[in-house]
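Two complexes follow with chain A in common, the first pairing it with chain B and the second with chain C.
This part shows the complex of A and B:
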């Protein structure tokens, strides 16, 4: 008798729990559905349509947009973007990981100060910050005048309007996005694990490589994605610091929509970037799972 | 039993401060070779801090730690943690979450650069010892608390260090497994010839396993002795209270015992040297006897009897004494509640101590 009473009771409880979850997750899900899925579907459908004469699309199905994307011009731009975003990500990791590590070793009061300093640039406008780099890097800018006055170089260097300048700008823009997740990951590692490794005979560096590094790798991967993804899509930095010479896929997509008025081709390019990133995410997730051994650590 | 063994580790005047807290306060201890040494004390008395100083994870503010080596004495404090011939089993296990049980245990052997075959064999042996052979590929997250504890133990003992430090090694195990592991630890100690320092706050565990016990309180070592001496000749009131149960009488030191206001002269013998006139007389419950009127030292009323199967305790209320006295006897207690009884003890069973705080 008790079982016949509890079974529906339990079902009701489960339904209530589901209901509660829906209430909490609902607004966020709705927002994401409306403003992420729908545009995504629009982009997806545009990819198979024909361009309109003044922008927009004509309702004629075609695959020609895809074959156009395979043209070597566009492939090389995509490759260039991957290269620039990749270099930026590697540099961000090389600079960001030690910074994050150093912050975790600070006394707790200074840790907060350091984290605020890391995100401080976000408080000002992105365009203004990027323009500031033009001022810094141009041939009469402070960087060059210091180099010339110290006699390190004879004549001002061409620091602006090349790939290097784009990387510098992107790195500056997205370094905090590397530091924060890596910091969180290092912070979560129990300091006793490092001690255990040393107790078992590992030196400081060995203990770091065997314990802290693998346990913070998922955090570093998240940081890498946080830096790589917006670097790929950025078109402001290549335009301002790359001087229009260094074209990235972000510029290309923007041009297709706003200047060339070839929306379907822009859609194809956007989709291909997205697919590329999804593959990256999948790899990241797989590595993360391997490290945690399938268990929630 | 272990008196004549040579000293392995010698701590002198060890002090460690965390801000305002004196976690370890002027501790001097000798750990002898191949002995089973227990650190016993209430929570927060500095046991873990002392172990961590030995392992090299706390650097003491003062004092020395010297280890007797094959080639002369080693100043342990001058060695980095990874160079000390000391292994620590952490109180919170500190297992590597990204490694399997097997790799956790093999890690220390790999750092020694041992050949793969030997590592595999030793890992398999120790897994057998702790009864986890079936779990060698599991990750720590999928183990129960007791299983994790055994992995931590295995990881520490597989290195066969000269000194093995165990921080509450058995606290998460249930009674049966715990008893097995206690035996196993003793067996290991005899077989492998490792010196053990075990932290525990389970006094029965310390009493049954250790050759010698250091009782700690608030960062200080109160007494170091064999379990029997600790029980029969506590050096301080704290030790008398902490180890087993005891009856205590507060009074003034007198020839042959303590003069207790309202109860007169009670017999006992002093332990150690003290100058203070105030004194506390301590008598164990099993040393109290029920006697006839004439030879009674104290008269009181039975307020309760409890039977524990094979042993009974009798609570006796005595006018002028705070709290009841406890008497324990074999078998059943043949007295009724409310009966007037007379109590006595042999003079060599009463211990006269300085009051708490005074020395």
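This part shows the complex of A and C:
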């Protein structure tokens, strides 16, 4: 593979490389196309088709699924989902950012341990982690018995089956997804930049606000997407911790596909979540570009 | 720790938040009482009842079939894909495409696959769950192996090829050997992900072969039982062991 090879030798090398591409990347890419891309395209196309009588679709083009989604009932569910996912994201940022910052300040051998401890619960069973909060927040559960025994409240509080419980459950599920990208972003900030700011007379807080925070904004934005999008699509937490009162767009999608059997409408709802994903990534990319541009200027 | 100052507060708050609920579950699983909230003494009764529960045992068998199958297929495909991208096909787009299933909301993949299987008339069952789990499994293996490939020196492989070995034999004799820790770590991750995966299985599984998470889902909908506490403790133990092993094999935290 040196440049001194003759033209036919290079041709053979190129053919071999193409063959190697097909052998190595081919099966995986084919699999992803068949079982990810094509399924997503099917859902996309279903958004424009008419519902079949027993689930599935009829091949009649329509935009009625979109107008149905604009009905006030569904808009309020969408709004509710955005609100709950938004509150969850803000809380994840408020707790996750300083946690990630603290981890970067640990000695390096503790840093790995600290990070593993952050991701460990994330790899365990999601239903079990949600179930743990049913146990904790129940009227006879440990949280209430501590509150009552310490005399903080007179009678057990209704901590379960409301929006607050849903937010706590979602925060518990996705907090690690905030901490990891923020950690990676803070880790990459050149410590000399902050030192330079300090030498130029900025205080600790000023140096953080003017140097570290803007540079880590793209990482925080990635974390926000990783928390916000799955929170919106989650139907397990609202069902188990919201007690059926707190319906989110994820529950609606689940119902359209498995119970109401209106797949085209379900597809439109899923599309609305995916649009959030795309728009948020576009904002993230724009922030990243502006910061890189600013650094170069 | 002292140097952290006030920053240690959010750190401890996060760990308390992440681990207290898990700790409570594990402690409760050893509670002798049938009402789940009052501690009446230490007992392993719920663990033995768990073993004799047919629904849970069948769910466990179904889950193992899917998890083992998905792990094998995803590990092979994901490793090949990572090597193909890193050594023969450098493209940021292709890399993003390969890792996309790890970021894609599980609900989107779930309804997409349900629609696909319905369209081609495939009956739902463990085989469709397996096909679905390979999608994200492959992405996680590819991510771990790609991270490792970034640290390996391709000159050995070049030497092997210059000496006349083809890409496949170079791959089997040289590349796989240096990648083994990453491949095993990736496989362990797929295994634990598949073992615990609920949303996609819920949409792509048939009614007669529920996986363990689907069994758990139908149980927790009806409230708290000491049996679930025991099952939860066991599943947490499995996940934690597997992930810590994977971390020891290859620095997963470097994949970030």
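By definition in this document, the second predicted complex is superposed on the first by the 260 of 297 C-alpha atoms of A that agree within 3 Å, B and C clash if a C-alpha of one lies under 4 Å from a C-alpha of the other, contacts with A are read in each partner's own complex, and residues count from 1 in each chain.
Operating definition for what follows: a residue touches a chain if its C-beta (ideal position, glycine included) is under 8 Å from a C-beta of that chain, and two chains touch if they have at least 3 such contacts.
No experiment lies behind these values; they were computed from the predicted model shown.
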Which of chain B and chain C A:214 touches, first, second, both or neither: first
Superposition-derived comparison: chain B or chain C, residues of chain A touched: C
First (chain B), second (chain C), both or neither touched by A:200: first
Chain C-touching residues of chain A, taken from the complex the two chains share: 1, 16-17, 19-21, 23-29, 31-32, 35-36, 38-40, 42-43, 46, 55-56, 95-96, 98-99, 101-103, 105-106, 112, 114-121, 123-136, 138, 140-142, 145, 172, 175-176, 179-181, 183-184, 226, 229-230, 233-236, 239-240, 250, 253-254, 257-258, 263, 266-267, 270, 273-274, 277
Chain A - residues contacting chain B, complex: 190, 192-193, 195-203, 206-207, 210-211, 214-215, 291-297
Touching residues on chain C, where the partner in the complex is chain A: 3-4, 7-11, 13-15, 17-22, 24-25, 28, 35-38, 77-78, 80-81, 83-85, 87-89, 94, 97-98, 100-101, 103-109, 111-116, 118-119, 131-132, 134-135, 138, 142, 158, 161-162, 166-168, 171, 189, 192-193, 195-196, 198-199, 203, 213, 216-217, 220-221, 223-224, 228-229, 231-232, 235-236, 239-240, 242-244, 247, 251-253, 256
Chain A-facing residues of chain B, complex: 55-57, 80-82, 86-88, 90, 92, 94-98, 100, 107-108, 111-112, 139, 141-142, 155, 159
